[in-house]
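Sending over a structure as structure tokens; questions will come in a sec.
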Amino acid sequence: MDVRVQEAPFDFGVEAATFASGCASSGAVVTFTGIVRDVADGLKAMEIEHYPGMTEAALSQIASEAKERWSLEKALIIHRHGRLAPGEMIMMVAAAAPHRKDAFEAAEFLMDFLKSRAPFWKREITRDGATWVGAKDADEEALRRW
Amino acid sequence: MDVRVQEAPFDFGVEAATFASGCASSGAVVTFTGIVRDVADGLKAMEIEHYPGMTEAALSQIASEAKERWSLEKALIIHRHGRLAPGEMIMMVAAAAPHRKDAFEAAEFLMDFLKSRAPFWKREITRDGATWVGAKDADEEALRRW
Amino acid sequence: MDVLYFAWVRERIGIPRERVDTNAATVMDLVEELRAREERYAAAFADLSALRVAVDQTLTEFDAPISGSREIAFFPPMTGG
Amino acid sequence: MDVLYFAWVRERIGIPRERVDTNAATVMDLVEELRAREERYAAAFADLSALRVAVDQTLTEFDAPISGSREIAFFPPMTGG
């Protein structure tokens, strides 16, 4: 289990390959990557604030729970904070399991908890100023599945 | 949309990174990778037979349907055939969408159809000989979701 | 038309493909003709619930018409992914 | 104890953290004390349904006890991932 909270960019290709290459007893690897969308609404940057200490603890707990519930061989969470430009990768999760259903479910579980139970707050910077991103009802709803 | 059927290995890290880096308008990228399991049951190799011509057509059709149903920005399927050693990657799919739910669902859809509607047949080679892998009821069941 | 066999169907029949001259109207008619040929065909086509068929590279059912088709393929349930 | 503020709660109150001497028994008691201090606190804590609280870095409810706790954090619903 590997949890990293960092300001620096990460290399998705290298992380995904390294994760998958150590999964010979698993068979199924799912990754999710979140990217700052570069859409035509004048977004200049995404700023991500977090709660040092609690963030690492919350992510480790989420990863442990996923690992136990789906008998994962491995789980990985990388989440950045600070200022990110459009097109930059915000975070990734990866889950390795013997069967695809477990790998998919575990990755979705990790994402659903990251969205609304890990202490990160996103702020969008546009030409018109800065706006805190609001929590979505759909994200809270998604947690009920688990 | 990118569909590749090949005997040669592929570089998962490079493919995943290339796929994700071209997804600036998407926000959510999900990948799935299938690996020949290296378990303690004496598996020496996995041989994958396919139906040249029909394979490419079936994968393209599955990818097109996924792209349409979930408004994907991009979809990728790579599937190998021939003889693979334990630990080698068999295949990967990737899906890029504006929101994570769509990216996850599309990737699961691609996998469910690959499992039992794309003309591949797996054979396990062990010390005791060769055995064709049987289709699983659970895989047929999984298709009903869509 | 060309008739193709894959996986254990290919192994049981002993060849990957052959040219078949037939007036069979449906896949099932063709299966009956093949079954009547030789024991290895009868063995391969003994349990149709364990087989799948594609006509001109599209999955279909055993009652599908095949007149005018170029390529019929028989194989076990697929195990991709 | 240390009281921490994040995101727009931090902006509204104007500081990221402060030392608070309190005999508050629950989170809610602490909120009432802070509200009574100054307008900026009253504004930040006006709508508790828009706030979340963590006691010693664990998410909890506003009726949770805080005696003996070292660190209370207030923030809006999280938006990670």
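When the chains are written out, they are named A, B, C and D in that same order, and each has its own residue count from 1.
Following the convention adopted for this analysis, a residue touches a chain if its C-beta (ideal position, glycine included) is under 8 Å from a C-beta of that chain, and two chains touch if they have at least 3 such contacts.
Note that the structure is a prediction, hence the values are computed from the model and not measured.
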> Quick one: which chain's Cα centre is the longest way from chain B's?
Replying inline: D
> Once you find the CA centre of chain A and the CA centre of chain B, what distance in Å lies between them?
Replying inline: 23
> Taking each chain's centre as the mean position of its Cα atoms, how many Å separate chain A from chain C?
Replying inline: 48
>> I'd like to verify one number: the distance from the centre of chain B to the centre of chain C, where each centre is the average of its C-alpha atoms, in whole angstrom.
In response: 26
> Which parts of chain B, given as residue numbers and ranges, touch two or more other chains?
Replying inline: 34, 100, 111
>> Two or more other chains touching the same residue: where does that happen in chain D?
In response: 81
>> Which pairs of chains touch each other in this structure?
In response: A-B, A-D, B-C
> If you look only at chain A, which of its residues touch chain B in the complex?
Replying inline: 11-14, 16-18, 20, 23-39, 86-87, 89, 98, 100-101, 103-104, 107-108, 111, 138, 142
> Mind pulling up the chain B residues that touch chain C in the complex?
Replying inline: 34, 49, 51, 53-54, 57-58, 79, 90-91, 111, 114-123, 132-135, 140
>> Residue numbers of chain D touching chain A in their complex, please.
In response: 4, 6-8, 10, 54, 57-59, 73, 75-81
